[in-house]
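When the chains are written out, they are named A, B, C and D in that same order, and each has its own residue count from 1.
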């Protein structure tokens, strides 16, 4: 893990006045997931600032323009930030910039969406594992020979494509037919429209495998007053959790699974980065391909543990997602040798 | 030498040309005549490649030719000066003149020096007072027309077509043009002139071809024709005995009653420098002068389209400062522009809507206005003013030019304004339609309307106006009334010679 | 030959009819490919989505008749939707409060657009695009990017409910909006002035029409209609995030253009727009029947659009 | 002395009348702002210029391509997805089919020119308004992009992206040379009759036709030229990001149009030069960077100042809106200059007459 070792010596002198941290984000606007990512990052930063660990924090978004993205990262390199965190547009496209950061001796952490480079540290949610939990549950619930409707995120997007591959693989293996496949862009409006089209196309399906956008899908189903699907998967928006619980309040009418894809991964990555700056050494055994620290989802809600999970989020407003992140010490305990 | 026959062109329902034929020889100047909408421009455009005929044959030097586009036409040695110009406003005079046949050097790079010389030469030949590098958009309309001609002539054409180019030219410019045409004729070019100004035809043309309703109805030598005969072929009617009579007797009560309009020392720089004019009830006030002496600006200022720098406008006894035409029109003014395409007609809206346009403003903005009301009003107007329309529902651009103009005049007269302003309303309108418009105006004044009409046509002014103000360089150089309304005095005043008696009347 | 000409004439002069015919044809193809899709839900969802799109396109129709274009429709709708969901927050009886926020917002946006286009003479496409960006950014500053509350149950019911299983309750709103827009365009002085101004601004001015006022009003009313469409959109989806209705900008333009309104202004109709909206929704529905990837669907969509445009919005040739 | 002054004044007057004046004023203002916020010592460095150019050459070039079309009164909002098309071809051909990358890159340019030609065909020969036609093209090209490359991936040889961000002799960025070459190409074009025809068709299509010009062919050529420049821009984007992403460029469509307008090119055609495109895109680039430095200053100046990035976006989009509004003031001085010109001409006429 090259990124870590290089900044190690530098970190020992710096903490007195705190580190300068820059966060880059491909997009925030239009993506509720990234909004929570950003908010939790800010929340964590407040704490680190109070403790004097971080002295300066700046946040940038490139609105999915890779030219702007690499310009902003390079500007922060030139401006002497100690830690650069990025949730990138794509798994590639920043090699030139990473080379510069490395030359400048800056700690460069890539969060959330994996970036394919051995010169940096990745801290990501294991998308394949996430997708597998979802789809394997769905296949098990519906049984072999059943039919599903599949919703992807954005065709051409890394995370979306990773998940899509797993969905197809598992479905094929278990003889489950994908009767319709759409990409709703993680957007409830589009999801609602597409679901309406699917319903009116009269196609028969047993269940829905989906990622976010579940509220839009349910809107279409309720508007058309068709029976609830045999199963539905989605991620951890609080509004959806409550909706799913409400539907199944009296008895199980619609099997569902909610698997966390915690946006707090950003703040966790920040904790990893700060540990590196403080001179701690990563546990190489925890690293997957591309120096990837993979977070495997553990917050999983189904009908069986519905009450308990609902209880644990009763203070959260509808508009957020279930999400947590690691503190500095938790991260050190989890991923570092010392 | 140049022959076309059996040319037919239909625009949807309108038959613009119906088996028309036409021919012209090298060394000949031929007039192409016909009333508005008879198909002259269409015929010219068939030759220039702008119109694709439905049927017909064209022969050049006894060889059949096909003209698919403007390039083909140019290659055959045809050059056209269009009625509505073909200049690019945002480009320089030089670029315009050489456009499409730029002198080129290596790698397709334009030889600017040669182009400059070429432009300079043709400008000098036509005595056009501008520099090759001036932008066309900054030039006066008459200069632009001359440049349109220059552009055509500089192609050294074998066949030169001039479509109503003299309509916006000054006398002296027309003279220069005719001189040049005579030279070209000697050099063996064939020249075709389209115009509504009859005196010009007799001055310069050798022969003429007359179109009526898209058909060629007559051709002959100018020396063997007279005006009556031409008008007969154009209209199918012998000119009425009263053609001149209607308008000739003067309105006796013009000085009675208080003035409807009193303009005192109006200034709108740079064009209008100091103008005072009075108009009485039931009077036709003419405004004359060379083009571009401030007439248009003056009329538009009265209407509130421009804000005067100083001076006073007293209208119906009240000193008014209109901020927009909307305000003036609310107070019962009306305005007819001669520039149909730009300022008067709504080409793709229906005839009915066009007629109703002035009336849409009378009433609450969000009040009810249904098609029944529009159609009833339009129907009455069409009948009253004898406008030839296929259907009230057809778009206005399906009418011929003259009828479009009658439509615009009708639009206003039907509203019975107290003061009707007309800016060169009969430009490019054929004799017959023109007379009808005059009749209408005359009738309106009898009912108490005041009419103020500017015109580039002296004969028209002398014929219909009770009093004529002549503008020169933004001032009134003379006011002619009664006996004084003679051609000589008018022309003298147009040249700025104010020493005649007419001038004295202003101060009086 | 004659028949051929008549057909051409019909195609050109009956945009509404053609849009309906093509919609019907597409729908037939749809059913032929997939007979299962002939059901009440199909009609219900097609009608509902068509109505929503035609609400969103009402203002666009007016603006395009003046020869302008409004790229801020989607942003205004999203902003209005956010106000709606945020204010209602699941409670009943908040509609007046929603209107108190949405109307001034839409007025201001419309006014900036209108003044920018008419008085400052900026190209409509560019000024409305920039305004749209700013409105979008304001949504984020206002909500901090998070999804906002929920619309009231009753309001959502008035939109989602289906009479007889296929007539969406939204049709009740449609009655009001259609009557209002049709009155404005076809039965009022304003409408008449709008068409004339769109066709020839100079002539309109000299005929005493207050063309600037008329044109600015078009932008303002257009923006207000977008605001209303946003409120309805929020109710239909019952909760909202930033930019959720943005896609309606482009969809509205396509609906208006396919409905026969000329891009250069002066000609157009709201019924045409509604037919255009239907055509687009049916096309989307038809594509969803095809079992292909999104990319292939996207390519087909583009191809069909080009064909429709070649049919409807062809400019006149220079050589006649 | 006086004559020199006179000449200077005349030069300035004629510059005020030139299309690029608007863009120049806006660009200068935001340039000053940027220098002020960044500090001259940081701004005037080779590496800063290198950075700005390297990252924004795709935008600059795409704006130039858009300008070429806009001079004819056309726009292409699909120009953004065309950028991505070059990108996916340049990456996927070597990766999947083993095509040598120079060949693949050339094919990328050709592919975009083909797309431009198709769009041009619809606009020039089928006479579909360019806004609508290119809108439909977005769907088509986007679909193709994702079919060619399903997700972001791939790399370009390191030597390529290393070279791309190099400065010749430590001073002149490679990207500057690229932009310069395209600009020289434009200067050459401007001297040809073709460019005159472009202005003529942009100014008034019917009149250009009547003058023996074939507007459809002129438009078609413009699409090909724009396609070529877009192709180069796509390669720059590829070299800059050193990888492929099928969704990368879409925003460039509308952005390049805004840049052209801000630079002073008339959407209606016939008015503008390539300098306008440079100033306009420069304006957008510097806004981006100014807002970056503005907020950096705020973080330093105001302790505890912490806002979300929403504010940065709001500020930059608001400045762009203001910039747009500001173009009318420059247009006003331009109009005044025109009037002066007319008056002079009238006076000149008088002198001749005497």
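What we mean here is this: a contact is a pair of C-beta atoms (placed from the backbone, for glycine too) under 8 Å apart; a residue touches a chain by one contact, two chains touch by 3 or more.
Remember, predicted model here, so these are calculated numbers, not experimental data.
A.B. asks: Which chain is most remote from subunit D in terms of Cα centres?
C.D. replies: B
A.B. asks: Between A-D and B-D, which chain pair shares more contacting C-beta pairs?
C.D. replies: Most contacts of the two pairs: A-D.
A.B. asks: Averaging over Cα atoms per chain, report the distance between subunit A and subunit D in Å.
C.D. replies: 36
A.B. asks: Need the CA-centroid distance for the pair subunit B / subunit C, whole Å please.
C.D. replies: 43
A.B. asks: Need the CA-centroid distance for the pair subunit C / subunit D, whole Å please.
C.D. replies: 31
A.B. asks: Among all residues of subunit B, which ones touch two or more of the remaining chains?
C.D. replies: Counting only residues that touch two or more other chains, subunit B contributes 50, 69.
A.B. asks: Where in subunit A do residues touch two or more of the other chains?
C.D. replies: 28-29, 38, 155
A.B. asks: Can you list the residues of subunit C that touch 2 or more other chains?
C.D. replies: Residues 136-137, 140, 144-145, 293-295, 318-319 of subunit C each touch two or more of the other chains.
A.B. asks: Determine which chains touch and list them pairwise.
C.D. replies: Applying the touch rule to all chain pairs gives A-C, A-D, B-C, B-D, C-D.
A.B. asks: Under the definition above, what is the set of subunit C residues touching subunit D in their complex?
C.D. replies: 116, 120-123, 125-127, 129-131, 133-134, 136-138, 140-141, 144-145, 250, 253-254, 257, 263, 293-299, 301-303, 305-306, 309-310, 313-319
A.B. asks: For the complex, give me every residue of subunit B touching subunit D.
C.D. replies: Listed in rising order, the residues of subunit B that touch subunit D are 48, 50, 69-71, 73-74, 80, 82, 85-91, 95, 99-102, 104, 107-110, 129-130, 134, 138-139, 151, 270.
A.B. asks: Quick check: in the complex, which residue numbers of subunit C touch subunit B?
C.D. replies: The contact residues of subunit C facing subunit B are 184, 186-193, 195-196, 199-200, 202-210, 217, 262, 266-267, 318-320.
A.B. asks: Touching subunit A in the complex: which residues of subunit C?
C.D. replies: Its residues touching subunit A are 34-39, 41-46, 48-49, 136-137, 140, 144-150, 160, 162, 165, 237-239, 241-245, 247, 284-285, 288-289, 291, 293-295.
A.B. asks: Quick one: in the complex, what on subunit A touches subunit D?
C.D. replies: 25, 28-29, 38, 42, 45-46, 56-61, 63-68, 70-72, 74-75, 78-79, 89-96, 116, 154-158, 160-161
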